[in-house]
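We just call them A, B, C and D in the order they show up, numbering each chain from 1.
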Amino acid sequence: MALVVEKTSTGREYKVKDMSQADFGRLEIELAEVEMPGLMSCRTEFGPSQPFKGARITGSLHMTIQTAVLIETLTALGAEVRWCSCNIFSTQDHAAAVIARDSAAVFAWKGETLQEYWWCTERSLDWGPDGGPDLIVDDGGDVTLLIHEGVKAEEEYEKTGKFPDPTSTDNPEFQIVLTIIKDGLKENPKKYTAMKNRIVGVSEETTTGVKRLYQMEQTGTLLFPAINVNDSVTKSKFDNLYGCRHSLPDGLMRATDVMIAGKVAVVCGYGDVGKGCAMSLKQAGARVIVTEIDPICALQALMEGLQVLTLEDAIAEADIFVTTTGNKDIIMVSDMRKMKNNAIVCNIGHFDNEIDMNGLETYPGVKRITIKPQTDRWVFPDTKSGIIVLAEGRLMNLGCATGHPSFVMSCSFTNQVIAQLELWNEKTSGKYEKKVYVLPKHLDEKVALLHLGKLGARLTKLSKDQADYISVSVDGPYKPAHYRY
Amino acid sequence: MALVVEKTSTGREYKVKDMSQADFGRLEIELAEVEMPGLMSCRTEFGPSQPFKGARITGSLHMTIQTAVLIETLTALGAEVRWCSCNIFSTQDHAAAVIARDSAAVFAWKGETLQEYWWCTERSLDWGPDGGPDLIVDDGGDVTLLIHEGVKAEEEYEKTGKFPDPTSTDNPEFQIVLTIIKDGLKENPKKYTAMKNRIVGVSEETTTGVKRLYQMEQTGTLLFPAINVNDSVTKSKFDNLYGCRHSLPDGLMRATDVMIAGKVAVVCGYGDVGKGCAMSLKQAGARVIVTEIDPICALQALMEGLQVLTLEDAIAEADIFVTTTGNKDIIMVSDMRKMKNNAIVCNIGHFDNEIDMNGLETYPGVKRITIKPQTDRWVFPDTKSGIIVLAEGRLMNLGCATGHPSFVMSCSFTNQVIAQLELWNEKTSGKYEKKVYVLPKHLDEKVALLHLGKLGARLTKLSKDQADYISVSVDGPYKPAHYRY
Amino acid sequence: MALVVEKTSTGREYKVKDMSQADFGRLEIELAEVEMPGLMSCRTEFGPSQPFKGARITGSLHMTIQTAVLIETLTALGAEVRWCSCNIFSTQDHAAAVIARDSAAVFAWKGETLQEYWWCTERSLDWGPDGGPDLIVDDGGDVTLLIHEGVKAEEEYEKTGKFPDPTSTDNPEFQIVLTIIKDGLKENPKKYTAMKNRIVGVSEETTTGVKRLYQMEQTGTLLFPAINVNDSVTKSKFDNLYGCRHSLPDGLMRATDVMIAGKVAVVCGYGDVGKGCAMSLKQAGARVIVTEIDPICALQALMEGLQVLTLEDAIAEADIFVTTTGNKDIIMVSDMRKMKNNAIVCNIGHFDNEIDMNGLETYPGVKRITIKPQTDRWVFPDTKSGIIVLAEGRLMNLGCATGHPSFVMSCSFTNQVIAQLELWNEKTSGKYEKKVYVLPKHLDEKVALLHLGKLGARLTKLSKDQADYISVSVDGPYKPAHYRY
Amino acid sequence: MALVVEKTSTGREYKVKDMSQADFGRLEIELAEVEMPGLMSCRTEFGPSQPFKGARITGSLHMTIQTAVLIETLTALGAEVRWCSCNIFSTQDHAAAVIARDSAAVFAWKGETLQEYWWCTERSLDWGPDGGPDLIVDDGGDVTLLIHEGVKAEEEYEKTGKFPDPTSTDNPEFQIVLTIIKDGLKENPKKYTAMKNRIVGVSEETTTGVKRLYQMEQTGTLLFPAINVNDSVTKSKFDNLYGCRHSLPDGLMRATDVMIAGKVAVVCGYGDVGKGCAMSLKQAGARVIVTEIDPICALQALMEGLQVLTLEDAIAEADIFVTTTGNKDIIMVSDMRKMKNNAIVCNIGHFDNEIDMNGLETYPGVKRITIKPQTDRWVFPDTKSGIIVLAEGRLMNLGCATGHPSFVMSCSFTNQVIAQLELWNEKTSGKYEKKVYVLPKHLDEKVALLHLGKLGARLTKLSKDQADYISVSVDGPYKPAHYRY
């Protein structure tokens, strides 16, 4: 695609695949709204007072129908929004189209190259000559990374006059990041510094991004306050767990139509995501084997009747492999060579380095046969045996299906809205330092509460006497901070 | 589509949507072959002796990738094949394309009109001037119906000179059938009679078609032998049950992306299909309510923790409705009007008369909004409340997804191949009269056996002593005929 | 125990463990009655007309609380009853006591020797000088066996003057049977022949007994009509499946208190009983391995995510072994020696020859440590490793727990009552020949119907139009005979 | 029972039900040891160095077989131990007997009166004239309570000369506590103060006791350091969850033999205990309704397909009620009156005030029929309808069955041993203040690790590179403190 920003008739910038899909996007948004009671309640509760009036929000988060409802909730509360996706395959083009047409500046399409991906990310931060966003919604932390790396380079440049050197790294993606920063530096040596000065804070969606934030907090390099949305209970114990329970089989079915029943499936990692994946595979009739490094999670798997083995133990017997670790180098090309013919290999962790795609792509004589987009059969020259890799090792539920369903994303995204509101409302109070925060429990409980009615639930009320007996308030929060749910 | 038969360069007739999808179809067939060990074993075992040499087979069965592997198994055994789909939405166009190009005469595409559907059915029977097929593979019994109605009309015509009268019925589909027969009669007053005389027998795939066959057997109107493949254990207890457990959520997810967890789902009917549907919905986290007429099936549902209510009891509370009864008039438009906004209504039974589509379509002022093909929102004028109907009330797993996965279809279709072989091998022996037969148990067990290796199973062998103790042969069959599995 | 028949104050004969438990038995019967709606409905429907007036019924069926409710249903309908248990460990002594005190002649206690067992069986047939019972309720067929063997011996004796020779068999239990017959023959050479002449028929409860009956039918040696209650759907698909799902873990827990979660369990046989066992173990968090001879059942296990291996494959890895096959020689002492220390070995099939108890008991140097009644640790001298055997290899759910719960037994026993009524009502009509019959489907459906209300179910009614469409009556039966549920 | 301390031949004090059960206890301990790898590993690792040499440990924790293995682990590490149960029904008399005979001073039997209960508790603290224990193992906090109340009374007495007044409270149990303290005070006005001065710390087992500790920490009244064992992941996410999943149905079955399948069950509270209970009931085929005050837990229940209602909504429809809240006044007598006949009411939370036993016992005209110990039917005079209450409203899994199985208790109790070691080793270091602590994560992970081998698990090892990537050590701990598992 030619990387040229387009404009709507009203002058809003965008770059999407196909603007004609906007009507289809609107129909799906309307369906999704019925399934996202948390976000719709935010519109009702906060819309009238326009709390985000004057706020510029940059978001980097899978540009799906569900995200579209999030974006339109932010704009309904008064925000101005620019958006990109945080994954090259996760955009739903009809969602991008309708948002671009109706609500916010969007730069995203399904199947970006890495070059395009970072171009889009840059655009989402391009709020014109007078600097950047007030708030960031991040997923995986790429926007936060770009700004932090940008500031670092500008400081280095100010001190030493040296530009960042893309050839200093082997990582091809990081080379692109450095090139972008270098080019920006030439234009404006205070570009990211100015941006940083304006930013009120970031709310981060996922485990991987949160890990980065805590590392920066520990090393004292975090440049602005951050709210860890991932660790809201109504996020990590719902989206990660129940979202994946839904979207893993969805992705497998759409990509391969394979019967899950009777198969042997290996789930690498038994955190919340791994638990959701293992549960859905087991329930669909697979025999599930878990690999784990953490003895506690391993013991949990055993209690559910799952076998815990090493990848090596199971490599020759399994039909389906799913990585969920958030770590790297989980399934290497040397492992893939030992797999059964047509074994399915996929990843549902945030980054694409769980599966050794580089090793596979550069394996001498390997042949790639694209069955359909995001479904490739790779044939090894010596064995003539092939494996099927989904979404090129990236998030298979977003690459091969449509990601998590609306209802569970409503939980996650209501946390996002509340986090953004909290950062914005407290922007001058000094409440939030350059640290990582989780939302207070009463807000977490509120998010849950907003989702009960849709499912017909009726909550019991504590009496004053009972509340006193367990030393809580009648209206909550009901649990101590360390409670694990 | 213009209803004109096309021809390949080798002269084979066909009518499909898009011949350019043939290569994609071939890739998917290659994947499916690995998942269909029963059919591939038939090729190995019987291929060399070409048992179907000289046999013409007409098939009317969902033209999917799995069916493509069935067709190519029949041709690998020497048969000549003509094929149509048995459902207007169930064809996978890439499957149709590759079979048309490489293996058999195909007349099928996704989204036929009823007119087109019956034209395709007629083409599948059109073996040229000298009559029809030797064998029929039927699913739902439409080919069998056409021949029986044709013969009836020809007999009536011979006796009375009267043509069949399409206006004699209110059923629009049956009007088409009568018109076809009438037109055929004018051309050749012995067309279907000649066909019938040639036909060795039919093997029928599904409950609905089998029911028709038994009715004809009882009334003495069955014109040729029939093998009831549906009631092979390796069909009805696998395809119907485990196939639907897989493909119901697949269809729901592809059509609506709705979160199943937390929802209330009503499954109408708790036969094998209903059991599979209820199981998958429960496991995905829905609360499932079953409706049943049969107290035994109702008690089975209760033992699984499912609530058994009438449709009326649950109508206002449920989010998802699935019909699986094989009966008619299960969900009427008056029911749909009482449903929650955006309740999902779908059918996974063979015919489309479980849901009152006619009542819905003709409801005064009702508005149909097509979200995407096979996913329609219907809005009632008075309540402004909408419901979402999948696949226009037809088989939602085939209309909205890709039907059952290869492995379970391999069980069903291996029964088909064995049934066809049995009919053909015994064509002159008089073994089969004009009755309905099920395959003998040792063949049923053989079908299962062919599928164990792929899943890594290791079977225990009876000792002679043990076999004597339970009065069976060491090599089976292992169960009495009435055993229910 | 001294084998002396005792008498109640009203002159009723009995032999039980402890008459003082009768009050406790009555309390538990009262609880059970609430859970057995089918039997209680029979009392309401048939009690007033006293259909069993004049009928003598001999029953040989586990003398539990549930059976007590069955017996009192038979007496409420006018029958005179004598009863024994069909298993040496299955009697609940309080149930035996209350029935002996209040309702029928009972000869049964928990922990009979084999000698005592057959003495009890004889007593249940001892209706005084003028012959035997009119009707038999049998479970496993021991009463039926005794009469058939008795008649055979009497015929042989009449022909040849030879007495049966207990030393002609190696089987210690069969030696006892022959001795009993021999002793009887000396007293009255027409004892069993007279009995046979009086008997109207038998209704048989379980798979094993049914198998014997069909063998006798085939060889033409069956002496009176038999109704196969086991194969009523409301028996085999409920009692066998859901009963065992309940009572297997119950027995394991009471006998060993072992944690099932995390363990590897081997279930030998995947029929209805095996399915129930495997389901409960899986749900309790065990990893379940199935052994099977029948490829169809094996494929069913695989579809549920269970591994199918041979016993040999799993012997060294498993923690729990359960036999459910109805066959013999399933787990031999040579297998037991290879098991892990404290592996649990138990049987839930009718007879005790699934586990090689004889081989174990006679293993040189083996040491038996009784933890508590029905829970023994057997230590092998060479390995010092022990295994835990439940209920001496007999029905562990009855030996170590209380068998199936009332509700599911109400289904089974309502079939028994109906079968007994059917035999008795048709005793002179010639409807039943010396063959094995199953109850007609409408009675099977009636049994289910009687159990729905208790569980709050509401059944849907077919319209006449719908009933016609699927060719059934509005009131059922709703399924063809071959339907598998 | 006459409350007189007895002595073994070696002079060890005890009071148990039946010393002749000691051999049976030993056999069951030997079985349990094989299932408790964590405790046995502690013996191997720490036994040789006798770390508890010189330490006096008082324990108040259900005197079961599993606890016996804990006690003998403490003595194997050099401790001297006195023990009582923390629940009047939870003692297994054979476990008490064998420990009294072989290992420690025990004061416990099944079915204590409240008076007896507190006498036993006092005895467990009675280390002779020179004061009390060094360490406390507490479950529910009754020993801790007694000491704190004792010290409070002694301080008051010192200041004012006033004795505590048992008539100052309506709570009959607290009256007993005050009487004991008063009597002690008369004997020795520094009894509890001396005890407190000696005590190094307490490790507390359960949610309820932990709650009390945190309250005392907050009000500054905690008299010695406390380790919260309950909130070790390997305790609360295993014992509470998987323990109850096992022992709830065990208790239901032993107490009532009722069929769980098909029933409607209400679980009050959906914390870890409630989750385990709901899971087991659902898997056994019940339809489960959850009541909750916490919207997050309620949403979790919904995601598992459970209905969330108020008790009032479900009261007339349910067959089984289980309280798991840790709160009071959950099911009142007014609720019980509305229940179905023979509805089962039980509690699995620590204290017996979840069910309004007092209201039931004092209901005018109510009739109690004891079916067997711990299983009572209560009949209301007006309706003649009865409900079945288990274990008099106390912990039903301990009252009606044998509590949690050995394996899961091994996890909990290994935490106890480690906590006791930690307190003892650091007794002079000042590491622990008068606060509540949880064990560090690496010890939690170690507990899990010790239990993997028994279940055949094989753990994956992180590479250094991977560990760096996720910023953990290769040897753990692997998760941040806030991780929820």
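To be clear about the criterion, a residue touches a chain if its C-beta (ideal position, glycine included) is under 8 Å from a C-beta of that chain, and two chains touch if they have at least 3 such contacts.
Not measured: the values here are computed from a predicted model.
Asks: If you take the mean of the Cα atoms for each chain, which one ends up farthest from chain C?
Replies: Comparing chain centres, A lies farthest from chain C.
Asks: So which of B-D, C-D or A-B is the twin of A-C, meaning more than half of its contact pairs are the same residue numbers?
Replies: B-D
Asks: Rounded to a whole Å, what is the gap between the Cα centroids of chain B and chain C?
Replies: About 42 Å, centre to centre.
Asks: Please list all residues of chain A that touch 2 or more other chains.
Replies: 242, 261-262, 285, 299, 302-303, 307, 455-456
Asks: Spell out the residues on chain A that touch chain B in their complex, using ranges where they run on.
Replies: It comes out as residues 24, 27-28, 31-32, 34-35, 65, 242, 245-246, 249-250, 253-254, 256-264, 280, 283-285, 317, 341-342, 369, 371-372, 377, 388, 401-402, 404-408, 455-456.
Asks: What residues on chain B touch chain C, complex-wise?
Replies: Going by the criterion above, the answer is residues 211, 214-215, 231, 233-234, 236-238, 242, 272, 291-300, 302-303, 307-311, 313, 326-329, 411, 438, 444-446, 448-449, 451-452, 455-463, 465-466, 469-471, 476, 478-480, 482, 484-485.
Asks: Which chain A residues qualify as touching chain C in the complex?
Replies: 261-262, 282, 285-288, 299, 302-307
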